[in-house]
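Chains: A, B and C, in written order; residue numbering restarts at 1 for each.
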Amino acid sequence: MSDTLNSEPVIKIENLFIAYEPGHYAVNDVSAVIKRNSITAIMGPSGCGKSTLLRALNRLHELYPDIETKGEILLDGQSIFSMSVIDLRRKVGMVFQRPNPFPNMTIYENVVAGFSLNDIRLKKSQRDEIVENALKSVTLWDEVKEFLYRKGTFLSGGQQQRLCVARAIAFNPEVLLLDEPTSALDPVATSKIEDLLVELKKQYTLVLVTHNMSQAARISDESMFMYLGELVEAGRTETLFTNPKDKRTEAYLTGKFG
Amino acid sequence: MQIELKDNIKRRNRTNGRFRYLIIAGAAVTVIPIFLIVGNLALKGYRQINIAFFTEPAPDTFQAMTAASSGEIIPGGIANGLTGSLLMVLAASLLAIPLGLMTGIYLYENREKRYAGIIRSLTEILQGVPSIILGIIAYIWVVKNITRGYSALAGSVALTIMMLPLIIRSTEETMLMIPTTIREAAFALGVPYYKMIYKILIPVSFSGLATGVLLALSRILGETAPLMLTALGSPSISFDITKPVSAVPLLIWDFYNDPNMVNLVWSASLFLMVFVLSMNLLSRRIASKRKYI
Amino acid sequence: MNGDRVTKALLFISSLIILLLSAGIVLSLTGGAIPAFKEYGLGFITSTVWNPTSGSEEYGAMPFIAGTVITSVLALIICIPMAFSTSLFIAEYYRGTRTAGILRSLVDLLAGIPSIVYGFWGFYALRPLLISTGLTDQGFGVFTASLVLAIMIVPYATSLSTEIISMVPAELKEAAFSLGATRREVIFSVVIPSARSGIVASFILALGRALGETMAVTLLIGNANLIPKGLFAPGNTMASVIANQFGEADGLKMSALIAIGLLLFVITALVNAAGKLIVKRFA
């Protein structure tokens, strides 16, 4: 774990404000750094702005014209707001709270959805390779290789979520955003996903929103604690959990709210 | 595996932008007719609308011709249509509102039963029956067998059958939105079933029911086809339900068939449209101000 | 507890009236149609001759069935792009905005305008416009009727498809967006596939509306009792021939008109049932 200590930042967030309605900030002046090949957990009670912050990282807020974003986010030193949104989103993949494989597509089609949606034509052999690799890295290959051409919706919740991770990494992004990816899953499926995330950080940079403190403690390298839109505290997970600097962090960790 | 992606972004953004304009254009084309219709009718119809338009019956073709040839406005109005419409809509409401309410409540109270399911499906089928067919039915039932001739009653029967499914469905849908706890609270207080209906169910859902009735009325007020087969039309004001009467949409049809009366068609159409649309808007107003539902 | 029994009985009886009404409609239509079917058999449906001249009287329903199907399907074809873009405008592009609300109310207003007003407007405002294009001399005919019919059924198709499109889960769309798809790509690869059956149902139900529309068509189709020979040729629909000829009919002619009414009843009921079935399976 110590090798992440000095690793370079992938994402730099500078004075970020996000408002759903004028003057009411769901994310209030947040500055932070996300390090390469690590898992950064964003924690906080519900409504603290953690998902809002996460969704800013691939400009998902732009789908909703009422949401106002101010500030700067840099990906590899380049402002994400100056990039093409298509380009950004293929570099920053996302996995959602509830498993959401496309119900109109087969398992196979779901994995290569990133390519078909982006109108990128591949040879059959290329696609086969991508599907096999992606499904193997999410440890789903052995479970579904017989059913590749069936709709993904018959899978269990945990399998569906791993399929969604496969869909996101098939495109080989730099960063993977995970918005409470296990909150709809049972404990067994949850622990499989957690193992998977730890495995994936070798290749990718992971940002994980969770309100499960023990999950953050188990798998993250870096942690951020948010409260009422503010980033209260950020640092090494071990440090933040054992020796919080801020009273609010301590109150949260000891279960006073949230 | 490295796959080149950047080259298609420009093209895709362009297609995306074009498609957006296509959608906006399509939506604009869809609403243009409403402006054209309202504008057209208002411009050409307002001249004939005066007090006489509402108080006098339709002119005969000779009066209209004389007026038209000297460039004056056509004398007379649509009073016989107004009274005929009023008579038939009133009679239809008297039949359809209580019957529709009761059937709607029945469906709500017995929604689990198979029989209720059948009635519900029949109601849906009735709602889809073209109004001209209801004209045929009212002709066979009333014109041929009861009043032995075209009559306001026959027109009312056709309108009643049109109103019924609309009221039944809006009643049931409104009641389904009442929280079941309200019903249960009433029963827990020992309120008998029928009192629960009169004192709780109907008052609580009143605005919803009113919306349904108004929408049904706005629907039948503009109906022409079934009335051509039943009420036929009449040049004079009449309140005899066993005799033919006119109606505003029937007058439009009559005026349309007489080249001298074109100006009156614009006015009568303008009046009918404004009346029906305001009723429509009123019902939506009520719907948006509902308390419970 | 007397009130209870009376109330329950009253409610039941009123529901019974619906049953009797429905049965009565089918029986009366069938009864009225019997003489025509006795005279011509099932050939009544396929015969293309409609000749009311006494002495050489002969009645067949095909010209009107053809007229109805052609105008309604053409109306639907014109209606689809309009309803489709309006629903996407309201439920996707401008979702939740004031503009979408206003557009929705305007489209709803279209549903409130009486059929005869549409017909009259089509006759005096739209027809001259069509004549000026040089495509048609008289301005009457299948195309004119279909154009106005299309405007009339747009609100029905739009309101249901809007509802269905806005029910497509935001998560699915966001998943596609976060893979880099543009809005158009999301619409075609996620929104439409998920909402497909609902959108189809909304168009089927709109078709059901078009089949039975009477007055607007009667004023615009040109009232010729033969199978329309082209897009701008006159014709008659099942509903418009009844509206035009019922008043002066008796005997066999009336029975033939009632038989056409029965056929129209069956066709619309089937189309509506198909639409409702799809909606129910989808929901």
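The working rule: a residue touches a chain if its C-beta (ideal position, glycine included) is under 8 Å from a C-beta of that chain, and two chains touch if they have at least 3 such contacts.
Keep in mind the model is a prediction, meaning the values are calculated, not measured.
Trainee: By C-alpha centroid distance to the whole-protein centroid, which chain wins?
Mentor: Taking the mean of all protein C-alpha atoms as reference, the closest chain is C.
Trainee: Ranking chain pairs by contacts, what comes out on top?
Mentor: Looking across every pairing, the one with the most contacts is B-C.
Trainee: Once you find the CA centre of chain A and the CA centre of chain B, what distance in Å lies between them?
Mentor: Centre separation, chain A to chain B: 53 Å.
Trainee: Calculate how many whole Å lie between the centre of chain A and the centre of chain C, each centre taken as the average of the chain's C-alpha atoms.
Mentor: 49
Trainee: For chain B versus chain C, what separation do you get between their C-alpha means, in angstrom?
Mentor: 16
Trainee: Quick one: which residues in chain A touch 2 or more of the other chains?
Mentor: Each of 86-87, 90, 118-119 in chain A touches at least two other chains.
Trainee: For chain B, jot down the residues that touch at least 2 other chains.
Mentor: Counting only residues that touch two or more other chains, chain B contributes 12-13.
Trainee: What are the residues of chain C that contact at least two other chains?
Mentor: Chain C, residues with two or more chain partners: 182, 185.
Trainee: What residues of chain B sit close enough to touch chain A in their complex?
Mentor: Against chain A, chain B makes touches at 1, 3, 5-6, 8-9, 12-13.
Trainee: Across the complex, what residues on chain A touch chain C?
Mentor: 58, 60, 63, 65-66, 85-87, 89-90, 92-94, 96-98, 100, 102-104, 113-114, 116-119, 164, 167-168, 171, 177
Trainee: Enumerate the contact residues on chain A facing chain B in the complex.
Mentor: Residues 84, 86-87, 90, 115, 118-120, 122, 126, 129-130, 172 of chain A touch chain B in their complex.
Trainee: Could you please specify the touching residues of chain C with respect to chain B in the complex?
Mentor: Listed in rising order, the residues are 1, 3-4, 6-8, 10-12, 14-15, 17-19, 21-22, 24-25, 28-29, 31-32, 81-86, 88-90, 93, 103, 105-110, 112-118, 120-121, 123-125, 151, 154, 158, 182-185, 187, 208, 211-215, 218-219, 239, 242-243, 246-247, 257-258, 261, 264-265, 268-269, 272-273, 276.
Trainee: Which residues, counting only chain B, touch chain C once they are in their complex?
Mentor: Those in contact with chain C are residues 12-13, 15-16, 19-20, 22-27, 29-31, 33-34, 36-37, 40-41, 98-99, 102-103, 105-107, 109, 115-116, 118-119, 122-126, 128-137, 139-141, 161, 164, 168, 192-195, 197, 218, 221-225, 228-229, 232, 249, 252-253, 256, 262, 265-266, 269, 272-273, 276-277, 280, 284.
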